[in-house]
């Protein structure tokens, strides 16, 4: 099975110009920071990258810019989720042709989808591309909560080889591992669950925190890889408050604010999303300093 | 204050051809049925009309087709909701120019919006058009639950003059009425709450059921208008099971199936949405017959 | 079928002395107020009467005191709920022998009960007494949420003739009425739902508010009885904020504070329950004045 | 600080005779099995021991029987929870005098308690005894969900030295550890969370599973103590399905059935609780065999 990811998979934000255009040059410098920091994978057009707020053309430009900039130094997981099956297939094909190593798909909901509709949606995309697919469960953003049983069923589709779980409930991961055995490739997308997910056997951690605290993210994975949970616990608790903060405030808002605090240009958000308030930015600054002690 | 709606506001589905194109001629015949049945308002591009699954061009075509077909026989409430503020403004302006009487806006969420972001979103659209706006709360589809306090605040924006509540919790309506007095214009969007909402003082009922059982919908409103709640109760309980069914199965799926059962052409859904199963269609048929007894 | 209640069924509090004993003489004066005000039924040992916090002897004394004081002027609904089936039967028999017209039973949960366990619990009590039973659903206090389907099943037990629904979801009442027809006797126990429940067809309203605002409670029922929903709505909105307040603060705490504000002696609560704070008491005073305008 | 527990704290069931009396001789043999198996602590009168279903006299007999039987071979944590503060103090004093090492208290709710009421409840009991108190949070049984901030506050009471968390949300434990440092003594009461809780730094695991699979429980703790999470994970996944089953079916029911399957006498449950059905017992047998492979 083709499972190109493990460890720390980093999610860049999508920055905008003051005129509300995607700022591709700035995006490339943000991707370069993640690669240079040692991220084990790069995932453009995730929730952090505000995928659903972009036009088709903008999505294509972001995918191409990532592949150019990374230039083979890390595997690339491109987000291609869309409300309609037709558009999801379109973007998955584009990503494959552009050179992505895998695509990530969350079944975005307006009308609640039946399990059968979700299964056929993944199947239709899987039939249209050859690269592996990561099925992504995140009811808090996508509005659909795929049951562990449905995720298990999705893994029967040949190139659906990876699951990303972001419900924040470690028992979902327990189920997958217990039902599917040690070989199942599951990833944690809930930042405050990083330690629990690794102890449950997760292959990797999908996180936007690497934009702000790459060393702490990588140290955690390193301790886990060495089966040293005392060290892992220490490193985890050091970064926990920051992880909770960026989740609570919304990743695109919080990462952008954190980059600016670190002196890194990060552009503008797209309305209706707004920057953190001054008070929130102050809280973030305190948490970042706490992480560095 | 400009409040162009009361009574039964009917929501047409958006039908597709087998080739996944919006079928405008068929859409017009479906709108005509609603007008001919006596609906007090017509609301294209609602949730029932699968607004978020359409391209910009498709949305414009649907709005224009509605206005042409209705030709002033009923007021028109055009859905213009979008993830971004920029696109929401664009479609609101289009609807106003095309001749809609009001626009309906639900704050579609991917990233959870703060109350301030939602308020600024509505304000920005309100500043860009002159026609009234109906603020629409439906966490089950839009993913955002606007508190009664936020809805109250939205009503301070001059042309936000109407609220549509679809949480299914009648106490939300009680709050609005208690806080804002008898003049507040609120509408019920939760079908099984039709009776409770009218007893709480709702101005109208936004419903897709009118595609299938227009007489029962209109009889309920008529009894309410005459302050005859014994009759209203009787008429309500007659249609309740059908109302629950179409909500549980998803309005676009259920209405399409119901139209076909009634011998009315209704086109195809757009993937990933699929038609009702044969078993579900059988249940719907039994419920429709029950309504007609 | 034996259905001894309709209209406003009033719930007295159980007052304690400063030494934490049940104050039976004071309790009798509180019951007298309810009867004198015109309540259509009296329900001692409800949630308002802090049933689960009393010893067996205290419960018996409260039941007997009610029957003595009411002396046939209104039907009596005695609470006899208990965690164990054996104690529930014991108290139901006591209430029957003492002269209660019916008993109310909520399946108090520590361990979640299966539907079968709940059914057998009611059946065992029903077999042990001849007076009718009101099955009471209130997950917020009892910890068990009986589904509408289970409530329907309970009504098959011959002397389970009444349902009290306190979930605050009017659709539970819709279900019962739709499934069981006009003859089903259901009562509303969620104060802010009083209007919606009557419009759905409820036989009565079980409320502690009658301790504080008997006229408004009775006026609402009177308007309903005359099928005058415009008046009912007006009277309902007048008392709504008070109803919400007493529910939010806990009925025993709020009623006790309200009685004191009205110059009525009301005793002490039993720890861990404490009186309202001074700030809360001030809010209550404002709401009571609002009701009287 | 007095923290007498770590590791595997085992919860015996309370068996009844066919005549619904507590079977003290049988209870002693069940306690003996737990001590003999090597449990690091014994906790009578927990949820598993159906504390709230017992009379005062029965509780006292169970506490005394435990202390006699254990005879100093393991520390004893006696459950003394009660709806009223007065009865909680009474039983805490009884347990202290009888020789328990600590008492466990869950704030059982009928009326939702305010944080202040809960704090004063614990404080009153703490002032009445000298032995340490474990504050127990389990909204699924007790009906009160104590926030992490309230639990932190409770730890300021001198002899409230331990927290047992049973919400099943590992992030509650993260909060306690992050806010209170490495010294905080917290225990996991949610069986399927055993691995995640230990990785978060839990001092121990409060479990009824030791009645059925003591070796697997103890092996998990042993691997954790040696910082060997690969082994811990393997042992955890071996017992996970059984842990989920006993939680889903209710611990008293499931443990009793499991004991009988193992050929151990286990008495009768107290109504309304009933034994597992034959089908459920068959499922349990399969899971027990799976554990032993």
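The letters A, B, C and D name the chains in turn, as written, and every chain counts its residues from 1.
Here, contacts are C-beta pairs under 8 Å (C-beta built on N, C-alpha and C of every residue); 3 or more make two chains touch, one makes a residue touch a chain.
A quick note: this is a predicted structure, and the numbers were derived from the prediction, not measured.
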Chains touching both chain A and chain B, listed by label: none
Far-end chain from chain D, centres as C-alpha averages: B
Chain centre separation in whole Å, for chain D relative to chain C (CA means): 35
Chain A and chain D: spacing of chain centres that average the CA atoms, whole Å: 38
For chain B paired with chain D, centre-to-centre distance based on mean C-alpha positions, whole Å: 51
Sites on chain C at which at least two other chains make contact: none
List of chain B residues in touch with chain C within their complex: 168-171, 174, 177-178, 192-193, 195-196, 199-201, 227-230, 232-233, 237, 240-241
Chain D-facing residues of chain C, complex: 20, 47, 50-53, 83-86, 107-108, 110-114, 116-118, 120-121, 124, 140-143, 250-253, 270-274
